[in-house]
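Given below, in the form of structure tokens, are the structures.
Two complexes, one shared chain (chain A), two partners (chain B, chain C).
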Partner chain A sequence: MKKKVMAVLLTSVMAASVLAGCGGSSAPAAAPAAPAAEEKKEEAPAAEAQAEAPAAEAPEGADYEECTLKFDWWGGDSRHEATQKAVEAFMAKYPGINVEVNFGAWTDWETARALEYQSGTGSDVTQIGSNWIPDYDGDGTVFLDLNTVSDTLDLTQFEAGDLEKCLDPVGQQAGVPVSMTGRTFYWNKTTFDKAGIDVPKTVDDLIAAGKTFQEKLGDEYYPLTLGEYDRALFMSFYIGAKKGVPIIAEDGTLNVTKEDLVDALNFIQSLEDNHVIPGIAQLAGDGNVTTNENPKFIDGRYAGVFEWDSAPLKYTSNLAEGQELVVGDELDFGGGVYGNSAKVSMAFAICATTQHPHEAAMLVNYLLNDPEGIKIMASERGVPASKIGYDTLNDAGMIDPMIAKAHEAVYATNPMFFSPKFDNGELKGDGAAYIDAFSGLSYGDYSVEDAADVLFDAYSNVCG
Partner chain B sequence: MKKNKFLKDNIGFLFILPWLIGFLVFKLYPFASSLFYSFTDYHLFKGMSGFTIQNYIDVFAKPLERKSLIVTFKYAFMTVPLKLVAALFIAYILNFKIKGVNFFRTAYYIPSILGGSVAIAVLWKALFKDDGLINGLFGIFGAGPIHFLSDPNWALFIICLLRVWQFGSAMVIFLAALKGVSVDLYEAASIDGAGKWRQFFSITVPLITPVIFYNLITQLVQAFQEFNGPFIITAGGPRNATTLMSLLVYNNAFKNYKMGKASAQAWVLFVILMIFTAISFWSQNHWVYYADEDGR
Partner chain C sequence: MTNMANQEKTLSQAEANLRRQRAISVALRYLVLIVVCIIMIYPLVWMVGATFKENSEIFTSMNPIPTNPTLSGYRDAMQNYGGAINIWRAMLNTYSYVIPEVIFTLISSVLTAYGFGRFKFKGHDILFAAMMAMLFLPQVVLNVPQYIMYNKLGWVGSKLYLPLVVPTLFATETYFVFMLIQFLRNVPKDLEEAAQIDGCNVMQTLIKIIVPMLMPAIVSCALFKFMWSSNDFMGPLLYVNTPAKYPATIFVKLSMDSDAGFNWNKILALSLISILPSIITFFAAQNQFVEGISAGGVKG
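Coming up: the complex of A and B.
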């Protein structure tokens, strides 16, 4: 008997362990909102759910059909909650349209969606990255030309220039921008105060801060942390400041020579040499975690991040008690010259295979242009690109002050716009050029010239 | 009558039809089509422009692919012996009458069912990061820190260790084999003055060689196909030190959408596995003891 009890107990432990390790998650669309204080901004595991549709039929005379739409997006918990609420409100406003939602964290999200697009099984409405249009819709057959539903989706709410950035290679309106974004700096003011210096405003300030941190706070403290892709972006800022053009122009032309890259890589390497940023090996030794999850960022030892203007909240929410993160200005490369760039943060698209283009367009319009949807979505996807979206949130004071300030910092310096090709998988993907070049340089496997060769070859290949 | 006989003779096919359809659609077709694609430059979004053997040349000629092959061999040749030795050693100990042996058997088996879960990856990172538990222990003795996750020389070993730690399945199979060794043989050996080590190497090991052989083959196959550990813990880094072939195949197929290249890499991996399996089967004539007919 004793043995049997033991066997049952051990079996239970084993089963529980397996479940604990592999636990998936599925969240109902109508999950109750977490209290604000407990709200977590980190990315949540993927979940598929069918929104709790009110059992309703389309009213007589409605200008839409009863149907079921699929809608997917990536993001963190707070974005999931806001979007699910908006979807519920949409279904309540348009009875008869049922929306099934599929959402998750960024990791491997693109891979899964790309395979769906390729196989023609993409969701009716899908959130896309700025490089997805040229990468997956080269012939204009994956995403619907939104001009065909412009009677439903009000495209006049968007700047013509922003809309142009979502054209596919054959000139169709493949997406509508949700928000525009650029990178800026966020500084841990508590650590800078501890070091007795102000947060940097120029690149020279930043480099000087490296030495000050080392001398006053110790080897473990750095004013900034940059992973491989961050370094690529900061390098593009450097080149932008030096040459006045982005690395890849909006039309896909490569604007740099190998010598330009050597110069820029020397600059990036000088940051590491001057104790401004930790080496890639050190970041790997921290456990290969994202910066907002890195204990050295959380407790202020890494005192600066270089992040999109739409994403500061996932950092502030993770900071240890007593640490204060502030939005910094774009860094002046000398004489008031800035080299920052901006791009479409993300867009909504409708898959060309949808059976319900009108209803899908209604959903997109509700999320971006309907004051009710706009208020529910708030600034979860950054500062809205839609004019009515911006005005509605601004008038209601609903744009997160930190996001608003970061957005202002980006646009205060007239950013250039770079091509989505800058984020092409052959440059940005796992084991691709950015990781190879910057980690190779940091580890000492590559000279600056070797790393420049890797980048130049990859850029040339992508720009074709 | 004839109809009944036909049905009786062939009813088995009907029963296995679901499996057969699954095999044809989900195994044989992808298997054959991947061979076809491996000789093309097929890109998931750009299509195919022609036939080439460049994918196969690249596996051996391009630095990343070559490094990946070497890393895969290193991984397999470190992991398989270590895992087999660990599994056999623990199985041997757990074959003795020890108090609470069932608990220990279960405890040692649990890691093998946790596999490459995210929870285990988090645990492994927490243990081996620069300021992790292991380095904390070293620090007590004034040693370290050792850069387990960021030093290319250590990272692969840490990934191997994860798989070695999961020796439970092999251990259970060894344990079953050890139970099958007759106690009489040990008694006779004891009477002749053989110690525990002599008994182990002269009685136990020879008699369980078929099981050692079985475990060798399965672990070899598993090692060459390893994916979860490097994918979750190091993402192939640092500096591709843990980019095993399976990870490279995944990256090429599902990150870069180069299906032709990925298919060729998968086929090279398959052929390598076939060769090692064939060598293992050939070698069994020289070291595996089967207690039937002529004893081999």
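Coming up: the complex of A and C.
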């Protein structure tokens, strides 16, 4: 009897949950409108007034069709929030254009978008990584040539050199750079103070700091930490400084010989031998976490990181109390050569399948070149590449001072071209050449020559 | 006289020895159990504790009890992305396709297994071989062709999660079909023959005889499918493209941006909240599940 009652109860619970489930699938469709409507109630008169105003004045660019646009991006919470606000402001400014958004975290985002691009269902406006153009738009049919909408999207706000980095292989303007980025150094000033030395300005300073750290603070302390990909980038700085050219040229050809790589790898290995950076084995022993999550970085034992100019905040927010992280300058390899490089951090593109290229271009222009949109977006996507974007934020003091300083450090040293091919899947990523070569070298499985072979073969393949 | 007393004494001594031995053995067993239990439970307890910690403490401390407890993780977890989606709606979204998926999978898998296990028909062997081959096909290679197909059908971004739910109507979980067929082999055919003599048709035999006998297998299929579906990330990522329809797996990850960094306490709090209903359901229905399994076992 008891069992039966239980069974009946459970069945009804299950039935109820099924019903609840079904209800759930239809409710959200109606729900977003409801709370939004409630929230809007108070400001409704204002919004209406705003909506009417542009229609009455018919401002420039008011020439558009009513339509629905799709817009997608990846990012974190604050970027989602800022971009959603910007999109809402855009819809208020241009009533009749409805923007549907789709956003998420980076994990697998590229896979999902790549499927959309290839099957012709990409969003009208889409946020892309710098290597997506050569990877997915090799024949120029996936992304719209933005020159065709340059009457709406003001491309003159961007440096010609930056725009060039968003050309597809057939020479069309496949994307517009949102921000440029390069790597620089961030130092834990607290630890350097403890060691009694200044933060390094040159590579020689850095190497000297390794010894000082070991003597004064102990074996646990290192002035810098570099993972495999960091080492690859620092190696590219070394080669850039020695040879005056990037590893991969702008036309996609390889600029280095195997001897160059051997020399550069010897340099990287010397950092490890001189107690400047911990070995890969030790980093793996720390729990194989990213540097900002590494306890030894958090408490100041690893006193330096080599990171994009846009990303210092994830380090400062994790540091233990009493530790201070400062932005460092690019390191001088001797005689004022830095060998550093900068790349497109991310870009906006319009999919060629869009039915409304003009309206999509209006949205991109609003986000990048309209002071109203610029201020809402702030530096959520790094320091703006658009001139008016940079000026607007700079005047308003809206760029995070650390990011601004790091960006300045990168650009003060005349960065070289950074080929998207440098990040090709054959080089960067799990089991790819950088990890293979640098961990192999660090673990002692590879000689410098072996590691150079691995890298040279991979570079030759990618540039072949 | 003294002899007897001695004998009694040795007897009680032997008894006492035995008792002591038993006590020691019990104590030892419990000790092992407790140690293993602590090792197993510790990460869970740590996770619950970590929802109250800041990032710097999460990465540096083994102690599950936070030194500077904060509720910010839970506060942030309630974020609603401009009213588009919040954790509750995301969980509702998850169950709105997981439950139909589980039910459809069970129905279609049992039917298919019954067909393969009990009937001989033209092409039986080839079809069965084809199905077994599918067992070894990883989902990754299916992503692209499936996406193209659902895209042609206009199902991508469907409000009813059609690309996720509809395939389950076609017994796509090959492993379940295989498992059910194996169970079916242990069900004596005599029972079905008896049912036929009593006037059952094929479907009645299935529902009244086979399904109750297969209950333990069906329960485990349901559990697995429930787990897999609610943990599925790639499916919803490909086929859901409006924030209001995001399921919990996508929602939990929304703020995980390795570029800008993020607060782990929020992620852990969200994970904890999103697994609570499953845990509660399983604890509440635990007896029923176990009963189902043992009852089926006795009958079989």
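One rule holds in what follows: the second predicted complex is superposed on the first by the 401 of 464 C-alpha atoms of A that agree within 3 Å, B and C clash if a C-alpha of one lies under 4 Å from a C-alpha of the other, contacts with A are read in each partner's own complex, and residues count from 1 in each chain.
Everything below uses one rule, namely that contacts are C-beta pairs under 8 Å (C-beta built on N, C-alpha and C of every residue); 3 or more make two chains touch, one makes a residue touch a chain.
No experiment lies behind these values; they were computed from the predicted model shown.
**Q** Regarding the shared-chain residue A:419, is it in contact with chain B (first), chain C (second), both, or neither?
**A** After superposing on A, A:419 lies clear of both chain B and chain C.
**Q** Does chain C touch more residues of chain A than chain B does, or is it the other way round?
**A** Touched residues of chain A are more numerous for C.
**Q** Scan A:135 for contacts with chain B and chain C and give back first, second, both or neither.
**A** first
**Q** Could you say whether A:298 touches chain B, chain C, both of them, or neither, answering first, second, both or neither?
**A** In the superposed model, A:298 contacts chain C only, not chain B.
**Q** Tell me which partner A:75 touches in the superposition: chain B (first), chain C (second), both or neither.
**A** Second partner only, chain C.
**Q** Between chain B (first) and chain C (second), which, if any, makes contact with A:115: first, second, both or neither?
**A** In the superposition, A:115 contacts both chain B and chain C.
**Q** Which partner chains sit in contact with A:280 here, chain B, chain C, both or neither? Use first/second/both/neither.
**A** first
**Q** Kindly classify A:289 by the partners it touches after superposition: chain B alone (first), chain C alone (second), both, or neither?
**A** Both partners.
**Q** For A:101, is the partner it touches chain B (first), chain C (second), both, or none of the two (neither)?
**A** second
**Q** What residues on chain A does chain C touch that chain B touches too?
**A** Comparing the two interfaces on chain A, one with chain B and one with chain C, the shared residues are 3, 6-7, 10, 17-18, 20-22, 111, 115, 289, 295.
**Q** Show me the residue ranges of chain C that touch chain A in the complex, using the header's touch definition.
**A** 55-56, 59-60, 76, 79, 81-85, 89, 92-93, 95-100, 103, 143-144, 147-148, 151, 156, 159-161, 233-234, 237-238, 241-245, 250, 253-262, 285, 287-288, 291
**Q** What does chain A use to touch chain B in their complex?
**A** Residues in contact with chain B: 3, 6-7, 10, 13-14, 17-18, 20-22, 111, 114-115, 118, 135-136, 138, 280-289, 295, 425-426, 429-432, 435, 439-440, 443, 445.
**Q** Which positions of chain A touch chain C when the two form their complex?
**A** Those residues of chain A that touch chain C are 3, 6-7, 10, 17-18, 20-29, 31-32, 35-36, 39, 70, 72, 74-81, 84-85, 88, 100-109, 111-112, 115, 119, 121, 289-290, 292-295, 298-299, 308, 310-311, 313-315, 317-321.
**Q** Quick check: in the complex, which residue numbers of chain B touch chain A?
**A** It comes out as residues 44-46, 64, 102-103, 106, 109-110, 113-115, 117-120, 125-126, 129-132, 145, 147-152, 233-240, 243, 248, 251, 254-257.
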